[in-house]
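First, the structure itself, so that you have it in front of you.
Chain naming follows the written order as A, B, C and D, and within any one chain the residues start at number 1.
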Amino acid sequence: MHRSPLLATLTAIALAALCSGQQTGLGISPTVIAGAEISIPAPGTGEATFYLASAAHVAKRKLSLGQPIRLSGQDLSIAGRYVAILCAGSCRSQAFFVTPAAPASLSFVVHPSRAWIGREGAISGVALPFDKFHNLVQDPVNVDFSIVAGGSKLYSASAPSRRGIAWFRAASGSKAGAAQLTASAGTVSARRALQLVASDPCRLQIRATPAPKGVAVETEPIHDCSGNAIPDGTIVTFTANGADGISTVDAPVKHGVARALLASSGNVVITAASGVVMGNELRMSVKP
Amino acid sequence: MNVLDWLRRWTVPALAMCCLLGSAAAQETPAVKFVSTAAGPRPMEEQTARSVVRDYGEAWRALAEASKQSRPDLLGPYFVGAARESLSQGLKNQQKNGMRTRYLNQAHSLEALFYAPEGDILQLQDTADYQFRVLSDDQVVHDEHIVVRYIVLMTPGADRWVVRQIQAVPAQ
Amino acid sequence: MTQSGPSYRSVSLQSILLITLAIHGPLLLMQLPANSYDANVHMFFASHYSHHWFDPWNEKWFAGFSQTTYPPLTHQWIAMFSHVVSLETAYMLVQLLAVVLLPVGVYRFSKIWVEERTASYAALGSVFVGSLAFLVYQAGQLATVTSTALFLNALPYFYEWLVQGRLRSFCKGLAVSLAAASAHHVTLIFGAVLFAIPVVWRACIEVEEHFPEVSRGQVLRRAAGFGVLAGGGIALVLLPYWLAILQHPIRQMPIPHDSRTNYLLNLTTGMNYFVVPYGALILALPFLVPAAARIRSLRPLLFGFWLTFLLSLGGTTPLPRWLLGRAYEVLTFERFTLWACMMAMPLVALLAVTLLDRFQNLAATGLSLAAIGSLALALAWLNWNPYRPPSALDVKPVVDFLNRDGHDGYRYLTLGFGNSLGRVGAYSNAGSVDGDYNSARLLPEMTEFGSAQLTNSKFYGSAGMQSLRAMLKHANRYGLKFIFVHDSYYEPLLTFTGWQRIETYGNGQISTWTKNDVPPAHKIASDAVPPPWQGLWWGILPIGSSFLAILLLVLLPQRDPADEELPVLATRREHYAAEGSR
Amino acid sequence: MRLWISLLLLGVTAALIVAGLGQPGVLWGQNRESRDAVDAAGAGAPQAAIASLLRNVQRHDWDGAYAQVAGSSNVDQASFIRDLSGTHGALRTFSGLTGWDLNPLRATDSDAEVRATMHWATPVGALDDARDLKVVREGNAWKVVWPQPHFPDPPPQVIPLTFMRWDLVTGGSGDEWGNRNVDGPRVRIVSMNAVSYEGGSVVIGEAINEDSIPAFVNVNATLVGPDGQVLGNESSFDKVLHVLLPKQVTPYRIDFPEVELAKIKSVQMDVKTSLIGAAADPVIEVSNQAIGDDGAGAKALQGQLLNQSGQVVNIPHIIATFYDDGGRVIWVADGYIDRALLPQSPEPFRVRVPERIANNARNYRVVVNQYSLGGS
């Protein structure tokens, strides 16, 4: 008989609930909020040993029956499944769950740190609400995302978290510059900075003038197709092919313009390239 | 006590101790089934799915070994961040109280809930089926077969997926 | 001609031991050898045994190597002591034991050749030998010194067994020999030729002259029996070592060493390997040969000493290369100087006795100055030697870095650290691809170029830098993510090959470099991993041989020396007296 | 008997010591690498003069070396030493002479010309320096005419540093996930080609930094065989620009000496980047690039470097990319220059190129990697 995996899983979960239920002899509520203090009745007389076991917290106490067993908020700060065991001669135990408290912080993972402008879905963010004990809050939480660039709101949306995760994806707009991303859930919020970067140069136009030791070449102010200036430091490779061979310089852009001095003479062909974008070609004659 | 008695008294236990050292059987990696079809928004690559199964199984093997010996260092490189902090604290408490917890006959059934657009966050639901045993001074004080649902966050490490958050949640 | 009685009595063994402690005790308590060439290597091995007694596979060097490639006795004793005192103190303690055992060995060894009074002078002289100070305080060859001291103590038992066939001597001689081999196998291999053969020859002369009932064939059969059992015992005790060497014979490219150059053509090398180790003994050489050649019973010792002396000249003569063949390129020759000095002690003492008897106080003063001068020269040379080990480097920041933030999940490399490499290895949890023990190297990047430690690459010219480049090229394969640099010579190479400086310590003394794409280190598969049974064997038998030796020496004490005075020795006194007066 | 034994031991010892002195190459106490060179030098007087000079250079005996220099060279000792031991923290200042080869070119009774190829051990590997040396007879000795060295001597000037500089602020070493993650720079492989070379294979190509910040780059390649097994995994090592400014293109070359090209089914490229602080300075012009003969019967790309900034470049390293007429990368070669690049002072370079590449290359591009003392 072939049973679907899902059915097998549900049966197993039911059994677990049943099993843990059978051991409800300690009178503990099935779920406890993280950080809450609880007390477990321990009737009877004589000495006993109380154990608390879970993956993240383990405790053992020798005690006298007759007084309630007090578990502090610190004992139950990490969300998960706990088993309380009381041994006096024979052992009685009960399992219960500690569930996350209210959201106290948001982890907000944003990509990329630098986005090219003019790209659909270029920016994505994932928000995860955590309580003050750094447990992931599984209950749905409404998270508001927003992107503000150059004083104007580039994106704004609200998304409920599913099992502790909310995410968004947005376009990168057309204006280069710094952008501020915010994710907020009630009183809790997280902020990230993002750089919107000009994309590839739209038109690479160069001009050259003879100079004492060769040719002075410079570009016109370089912009991308949305009119944003290319970031300073971007490399433009100038090449001059003259009588005495090829001369090349990797010159960085400064205030939108790249300049270089090329030692070349005779009939010279000058070109420029920035990354995969080629510029225009100049031909001139330069006296040695 | 002459020499022969002395030898007889100490040699046999010394050799026995030597043989014992190699006999502690190490934990094997638990079985892990993984259903990655529901992963999104980013589609899950096959190689990623294989790595997640391998690394998640290794993580539980390391947790079982660490819990058995109450040694946080045995968690190895498989747990980071909040998961490592809380599990290490639990193991230190175990050590202090002379207790040990055992995760025996494990079987895990994983389902991908969320895979971030940039592939740097993976949320899983694990329906774990194992024998949970609590020992105090090597006396079993609790022993139950349980099936528990875990919500797990994994993130890519230097050369494996690592568990960053692992939380048992009540059955819905 | 009547001979007046000797004006200088023999020196008691207790006095000699007190003098040894008075001289070497303070120097060792000052931890002078801590900065010697090999001390850190021995402490590194001992540190591994103190944590993994029955697992000789050490992941901390060469991405994993087997410590069964080096006899473990001294390291195991240091490891045991290190559970009580610090690792350095434990090393000094074991070295002190060896240094104290040496004059006892010389005394008992000398009594084979000369009478008791001369033997005591030989033992006293051995405390001041320059070669001993050189090996202990500059070279840090703890194993060689320990093995030599043990072997010298084994030879008298061997001699008694040859001459008188006493089983008690046989057992003690065998046990002490096994302990000596467990300390350093090379000493036993060469000791069997350079020391044991002269002793057998001496025994043949002795039985011929004083024990007619014992035939020379009987002596040779006893010697053969002892040799077979000793050889079998050594093979058994160090079985993992022989298996490791058979599996991976040392086929690396030869690594140049100063002791294989010509001492006459390089002043510093000549001083370092001849003048300092022999010290005042050089003055005695011209007189030793004729003095020993005159007495038939001393000729075996003379020939043994002379062969060892020639071998100790290293590359100055072609003899070592002819005799040793390929082993010549692996061995270093400063240890032969120590053995030659120890063999010369009885002859030197004979000379001293003659001088004392003839010139009394004048001779005593001269001999004392010569002895003290030899020791002083060796200790002063620690500062004058241009090739002295670099001053100790503070490696604590490096160890702290490796032991935090999971950095021990990767491997590391040091450059320009010299002999501090062993200290980093001993105290850090991380593994390295480098190491300071050339015979155990198996990584191709280190064995194919003829250079030694990567940390000293620049001193091996192009070969050293090629070896370093080969290792850096495979950094990802070995999980080599951190390099600690103490010499800016290496910085250009690291910069051009994709490493970034991330931290500096000790105002720029040491800088830490890393590479961004290195995956965590994983176990490098090797067929040299010793199986568990070898680990048990290695952890029980070698140290067990030393306990057995101590046990037998305690359980089978020498019967009261007075009744036990070897008839041999009694007759020898008149022999000299007669000869002396001729 | 006593006398006979003493004489025997003494005689054998003396004979062995004399035999020891006669061992080949030991007479001058050199190391192994230069021993064969000494034998070659013994052939003729001019070469012996050069060998004697170089031997003293090897031992840093500058007086002994300068004594071999002919008076007609009009080179003072200080310049002679600077020429051989290097200046300004150049690669030569880190190097040691390990050996040399001497090939006679021309000889008469009074003078001769010899090509001396000096083998230097440097931190970045072995480097050869070939010089054609003239040797003249002065009296009854042969002396070496040392060529007049030219040391750049830039006029004192202030050169403004006008270009960008990026500084990197690294967070704490704690686990900052979800609070302040910063993405690494984006670098993309724009071309990849695998060629056969000396029985092995070489993976070459170019990569570009598409990001707007500097990137620290390491390029790795994994060769996969027909049945999926990994044939080799190597890195670009020093044949790539590790620091790339925005939109800068770097060549890369990854050697697999043991893997034949025919066995390779596919190549998996892997670019690892990390954030780095960097400066857009120094700007180095590469001029007069042309492929020609290197004077030793091989082809080489030659040209000139000009440091247009005010900072001294202690060790320049050039990487040349060669393209066929379709613009495909067909070869990448590299070479170190053992002289420093002083500001505004041209310095020649030469990179050897296989004959086959020199004939097929239609275009080439040179980039300059550099190391400056105290900064990486």
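Here is the rule we go by: contacts are C-beta pairs under 8 Å (C-beta built on N, C-alpha and C of every residue); 3 or more make two chains touch, one makes a residue touch a chain.
Everything numeric in this text was worked out from a predicted model, so none of it was measured.
Should one ask which of C-D and A-D has more C-beta pairs in contact, the pair is C-D. Using CA-based centroids throughout, the chain positioned farthest away from subunit B is D.
We define each chain's centre as the mean of its Cα atoms; on that basis subunit A and subunit C are separated by 60 Å. Remark: subunit A and subunit D have CA centroids separated by 44 Å (rounded to whole angstrom). Taking each chain's centre as the average of its CA atoms, subunit B and subunit D sit 52 Å apart. Among the residues of subunit D, those touching two or more other chains are numbered 177, 181. Across the assembly, subunit B contributes residues 120 that each touch 2 or more other chains.
Not a single residue position of subunit C touches two or more of the other chains. On the side of subunit C, the complex with subunit B involves touching residues 54, 406, 409, 519-520, 532, 536, 539-540, 551, 555.
The residues of subunit A lying in touch with subunit D in their complex are 107-114, 128, 190, 195, 197-198, 214, 231-237, 239, 244-252, 254, 260-264, 274-276.
Those residues of subunit D that touch subunit A in the shared complex are 162-164, 166, 177-179, 181-183, 186, 190, 208, 210-214, 245-249, 280, 283-290, 303-304, 306, 308, 364-367. Across the complex, subunit C is touched by residues 3, 18, 21-22, 77, 158-159 of subunit B.
Interface residues of subunit C, counted against subunit D in their complex, comprise 256, 261-262, 264-266, 289-290, 293-294, 299, 302, 306, 310, 313, 315-319, 405, 458, 461-462, 464-466, 469, 472-477, 488-501, 515-517.
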